[in-house]
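Take a look at the structures below.
Each of the two complexes below includes subunit A, the first together with subunit B, the second together with subunit C.
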Partner chain A sequence: MSIAVAGDTTAARRKWDWARVRATLGAWGFLAPAAILVTVFFFIPVIILFVISLTDLSSSNFSEPLHFVWIENYARLFRDRFFPKILLNTVRYVILTLGFFNVGMALVLALLTTHINRRAGFFFRMIWLLPRITPSVVYILMWRRIAHQPPFGILNQLLAPFGVEPRYWLFEQPWLFVILVNGFVGASFGMIIFTSAIESIPRDYIMAAKVDGASTWQVIRDIILPLIRWPLLFVTTYQSLSLLTSFEYILLLTEGGPGLYTTEVWALTAYKRALKTYFGHNQWGYGAAWGFILVLIGLILSIIYLRVFRFNELVEEPKIDVL
Partner chain B sequence: MKVELVNLTKRWGNVVGADHITLEIEHGEFVAFLGPSGCGKTTTLLMIAGIYKPTEGLIKFDGKVVNHLAPKDRNIGMVFQSYALYPHMNVLQNIGYPLKLKGVPKQEIRKRVQQVANMMGIGHLLDRKPAQLSGGQQQRVALGRALVKQPDLLLFDEPLSNLDARLRLSMRSEIKRLQLELGITSIYVTHDQVEAMTMADRIAVMKDGKLQAYCPPDELYDRPRTLFIAGFVGNPPMNFINVEVVQEDGEYHARAEGFDLVVPSERGEKAAGRGRVIMGVRPEDVCLADDGIPGEIYVVEPLGRDDLLNVRIGEASIHVLADPTLNLRIGDTVRLRFNTHKVQFFDPQTENSLLWTD
Partner chain C sequence: METTTIETGRLYGLKRILGSATAYFLLILSILPILVGYAWLLIATFSYRTEGLFPIDAQGNIGGWTLRNWSFLTDPQIWRVTLNSLGIALGMVVGVGFVSSLAGYGLSRMNFPGRKAFLSLTLLLHAFPSVTLLIAIFFVLKFISKIPGLGPLFGYNTLGGVALVMVSLELPLGVWLMKGFFDNISWDVERAALIDGASRFRVWWEIILPQIKPGLAALAIFNFLSGWSAFLIPFTFTVGSKVANLPVYLRQLMSETAPTNWNQIAAVGLFQLIPVLIFFLFTQELLLNIYTGGAKGGV
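And then the complex of A and B:
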C-alpha cells in the first residue's frame, strides 16, 4: 500500500519536473544570446585579466611559462608614489565632467531646446551631436589647434583683439581642456535622453502648473525635474561608469601630461603600463592589476547605484505615464 | 469677473483653431462652450487661460485687455479632462501648490487646503498620491486645486469625460451647486450637450472654429438658428425631412412623398415658395395617433422607459418615442401625429434657420 503511494508521488514528481523544464527552456532560450555575449566578452576576459595580474608577464618573458608573483603587482601599485595623484585625478575627471557636462550641460540643453521653437531645438541638438560623430583623432586635432602654443592657436587669435596675451592654453589649463573635450562629447547622450523624457511629459501637467501660477523656472523645478528623476539617475549612473573607464581623449590630447601625471587618470595608467612601450617593455602583469582594480571599482559602484537608485523600479513600467 | 472676447482668433499657419469669436460673459455667469471635437472650444479656453497667444483679437477681464498677461497673472482656476494632478505630489501638495507659488505660509496652506478638501469630501485623503485615488476622488482633488486660490474665473475642460456615467451625473450637479454658491464666473468646455444644457446659464455653440450661437439653453433648444445646432442639441436628435411648403386655401402644407402636414401659418409662410426646404421636428413632438400619417416601423430600440422607433414615411425616416407596452414590432404600420407648433424650417443651402434669423 505505502509502496504504491510512494511510486505514485515519484511518477507525479517526474512528470512535474519535465513540465517545469519545458517551461523554463523558453526563458533560457531567450536569455542565451545575451548570456553568451556577456560570458565571452566580459566574464572570461575578467578572469584572464585577474590571472595575468597575478603574474609578472611582460614583453621580456612572455615565451617562458607563467611566473606567479601573486599580490606583488597590487602591492607595487599602491606603493607607486603617483598612486594618490592618479586616484585624485580620476575622481576629479569623473565628477567634474559628469557634473558640468554629461548631466549638467545635458539637462540645460534638453530644457533649452524643448522650450524654444521645435525646429530650432532640433537644429541645436544636431550641432551638439557633431562632436560625438566626429572621429576622435580629428576632434582632438581641432582642440589642439584651438589651444595651441603661440604664435599659433585659434584661441590666441580670437582673444588677441581683447588684449589677452597669447599663451599655450593647453599647457597652462590642461584640466580645463580635458573636461571641455570630454564634456562636449558626453553632453549629447544625456541631452537626447532628457529631451525625450521631457517631451513625453503630458502637456496638461505643464499647463496646469502655469495656470496654478508657476513661472517657467518654477515649472522646471517643481514639475519637469521631479518627473524626469529616473532618466536623470540613469544618465548619472551610466555616464559615471563609462567616464571611469574612458581615456582615449586624454591620451590623444595630453597623454596624461603636461609634466608628470598632471591629467593622468586610472584607465590611462592601466593602458600605458600594459600596452604602451616604455623602452620596448610592456608590463602586462602590472597593467592587468591596474585594470582589474578598475573593474572592481566599476562593479562596486554599479551595485551601489542599483541599490541606492532602486534600478529594479527604473526598469519596471515607465513612471512618467502614471496619471 | 466679467469676460469679453472680441474677434478672438487663433491660427497655426493655415489651420484655424478659433475664428473671430466674439462674446461676453457676465460676472458670476456659467457659460458652456459646446461643440464636437476639433471645433475650437478648447483652443478658445486655452487662450483665455493664457496658454495660447491669440493670433488676433482681444481678451478682456473686467474691461482690461489681458492678452499679454502670463497665465500666473490672471488668477484663474482650471480643471482638466485628465485632471493633470502632479503624480509626484500628494493631495495636500497638489491642492496647496497654487498657494505655495503665491508664497502663502505653510500653516496657512495646510489650513486652507484642509478647508477646501473638506468641502469637496476628500479631507481624509490628504496624504495620498494621485495614483492611489479613484477617478472621482482625483476629479475632486483637481477641483479643489482650482478653487483653493479663490480664482476670479474657473475654466473646465471636459472635466467629466473620464468618469463613469453614474459619477458623471452626481459630479455634474455638484459642480453646478458649487458654482452657484461661490458665484465664480465659469467657462465649461464640453461636447456633451446634456452637460451644457443642464449646467450652463448660456451656451456658446461652436463648429469649425466659428461661434454658431450664444444663448440660454431653452432658446438653443426651441429656436435653433442653424441646422447644425438643431441636430447637435437634443437627445434623441431632431428629425429632418425634406419637404416643400405650399400655400393652399389659406393653409400652409409641408409636403413630401406620402406626407402632407398642415403647419401654422406664422411658421409656414417663412418656408413657403422656396422649393425644397428641410423641416425639423423633435422626436418628443411626434406621437402615435389613430388619425396621423401612416408609416412603417423600420427599427425598434428599447430604451427602458420608452421605445425609440424609426419609422419610414416615403423616403423620410423619423424617430419617435413610443410606450413599450404597445409591443410594436418591425414592419408594423403606425400613424404619426406631429406637433406642428414646434416644427423648424431650414434652408438646405445655407443651413440657416428660416424662422429665427435676424
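And then the complex of A and C:
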C-alpha cells in the first residue's frame, strides 16, 4: 500500500517535472532570439573590449596572434599629453550641457508650457521634439550653416542689427555650439518627463497657495520643485550617463576640433583612436582601453540607478502563468 | 468694499495676462534656432545660394528661385542609398518588432527559471550606454564575416550587419515596452484558447498580437525613424558607397564639396527629412508616449 502510494507520487512528480521542463523550454523558446542577440551584441562585446584593451592590437599587427601588454594601454592613457585636456573637456561638456539644457532648459520649458494654454503648450513641446527627431546629419547641417562664416552665416545676419561683428562662429566659439547643438536635442527628454510630473500635481495644492498669496516663483520653489524631485534626480543621473558616452553630434559638428583636441571628449577619443583615424592606423587596443573605462562607469552607474529608483519593484511576478 | 475687490480682480487679471505673455515670449524665443534652421533648409533648397536666410541669385541680388538643386534625383546613386536607408529602417521595424514581442510575451505571461534575471538584465541594459560597445562590435561583425553563409548577409560592411547591430542595441527598450503592452491585455480569451488546446505560439500570434496593434504600431514608427535616420552605426560599420545609407551619403557630400554646393546638400537633407516630418505630423502623440515610455533618448 505504502509502496504503491510512493510509486504514485514519484510517477506524478516525474510527470509534473516533465511538464515543468517543457514549460521552461517553451518560455525560453520565446526568449531565445532576444537572448542570443543580447549575448552576441552586449555580453560578448564587453568581454572582447576588455581583452583587446590588454593587447597592443592595431591595424599594423592585425593578422598576428594577440600580443598582451596587460595594463600598458591604461598607463599610456593617463600619460597621454592630451589626457588632462580631454578629461577637462568631458567634464565641461557633461556639466554645462546638463545644467543649461538637459535639466535647466528642460525644467524651464516644462514650467512654461504647463503655465499657458494646454494646446499651445503641447505645440511648443512638439517643436522642441523636432531636433531629437531630425536625422543627426541634417540637424548638424542646419547648425553649421547658422554658425557659418560671413557672408553665409545666419547668426551673423541676425546679430547685425545689434552691431555685432560678423565672424566664423563655429571656429571662434566651438564650445558654445557643441553645447547648443547637444542641448537642443537633450532638453526634450527632461521636458517630457517634467511636464507629466508637473501635470500630475493636484491643482488644489497650487490653487491653495495662490489663494494664500504666494507668487509664481514661490509656487515653483515651495510646491512644484519639491514634488518633482524624483523625476529631477532621475533625469539628472540618466542624462549625465548619456552625455558622458555620447559623441555623435560632436563627431559631426567639429570632429573634436578645430585645432588639437579643442572639443574632443572621452567617448570621441575612444572611438577615433580605435575606428576612425586619418592615417588609417587603427589603434584598437589603445582605443579599447579608453572605451572600457567608459563601459565600467556605465555598468556601475546603471546598477546604482536601478537600485536608487527601485526599478526592481517593476520586476513583478507575471500576471498569470499556469492554467 | 466692492470697488476694492474689482480692483484686485482687475490687477490679478492683468498679472495673469502679463504672466502668460512672458511665457509665450520666452517660448517663442527658445524655439527660434530650431525654426531658423528649418527655414534655412527650405529656402536654400530652392535657391542658387544663400547669405544668411536670404536667397541670392547669380547676379548677387536677393531672389532667384530654382529647382536645379533637385537634379540629384536623376542620379541613380541617390536611389541606391535611399533603398539602403529604407532597408535598414524596415529591418529595424520587423526585427525589433518580432524579437521583442516574442520575448515580451514570454516575460509577461510565463513563469520560468531565469525570468527575474532576464527582466532585471533588460532593465540594466536599457540604462547602459550601448554606444560604448561599438569598438568591440566591430570585431563581432568581422568574425561574422568569416562564417560561411552568414558572412555575406550579416558581416562587416553589409546592410544586414548594420541592421542586426541596430536591432540588437534597440532590444532592451523594445522588450521592456512590449512586456508593458502585454501586461495590460486581459488573460480571458487567451486562457480559453489554451484550454481548447491551442499552442502558446499560436495564441501569441493569433490572439494576443492583434490586441496590442497600437503598441506595435508605435514601436514600429519609432524604429522606422531611428533606422531611417541612423548615422553612427552605418558610418562605423560600412566603407565605400555601395552600402552607404542616406545620412552617410549626406555626410560624404558635406565633407567633400566646396561651400557653393551647400544648396544641393540642403536639398538632399530635405529629401531625407520629408518622411520623418510626415510621420512626425501624424503620429506626434504616439511618439511622445514612446519617449515617456522610457526611451533612453540619445543625448
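Going forward, the second predicted complex is superposed on the first by the 253 of 323 C-alpha atoms of A that agree within 3 Å, B and C clash if a C-alpha of one lies under 4 Å from a C-alpha of the other, contacts with A are read in each partner's own complex, and residues count from 1 in each chain.
One rule holds for everything that comes next: a contact is a pair of C-beta atoms (placed from the backbone, for glycine too) under 8 Å apart; a residue touches a chain by one contact, two chains touch by 3 or more.
Fair warning: this is a prediction, and the values are worked out from it, not measured in the lab.
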Which partner does A:V137 reach: the first (subunit B), the second (subunit C), both, or neither? second
Which partner does A:L227 contact after superposing on A: first (subunit B), second (subunit C), both, neither? first
If you tally the residues of subunit A touched by each partner, is the higher count for subunit B or for subunit C? C
First, second, both or neither for A:A35, with subunit B first and subunit C second: second
A:V265 contacts which: subunit B (first), subunit C (second), both, neither? neither
Between subunit B (first) and subunit C (second), which, if any, makes contact with A:L98: first, second, both or neither? neither
A:I44 contacts which: subunit B (first), subunit C (second), both, neither? second
Can you pull the subunit A residues that subunit B and subunit C both touch? 319, 322-323
Residues of subunit A defined as touching subunit C within the complex: 23-24, 26-31, 33-35, 37-38, 40-42, 44-46, 48-49, 52, 97, 102, 105, 108-109, 112-113, 115-117, 120, 124-139, 141-146, 151-154, 156-158, 180, 182, 184-186, 188-189, 192-193, 196, 216, 238-239, 241-249, 251-252, 267, 270-271, 274-276, 284, 287-288, 291, 294-295, 298-299, 301-303, 305-306, 311-312, 314-315, 317-323
Across the complex, what residues on subunit A touch subunit B? 202, 204-205, 207-215, 218, 222-223, 226-227, 229, 319, 322-323
Can you list the subunit B residues touching subunit A in their complex? 46, 49-51, 70-72, 76-78, 80-88, 97-98, 101-102, 130-131, 145, 149, 155
Which of the residues in subunit C come into contact with subunit A in the complex? 19-20, 23-24, 26-27, 30-31, 33-38, 40-41, 44, 50-54, 98-100, 102-103, 105-116, 118-121, 123-125, 127-140, 164-165, 167-169, 171-172, 175, 183, 187, 191, 194-195, 200-201, 204, 225, 228-229, 231-232, 236, 246-247, 250-251, 254, 259, 262, 265-266, 269-270, 272-273, 276, 280, 284, 287-288, 291-292, 296-299
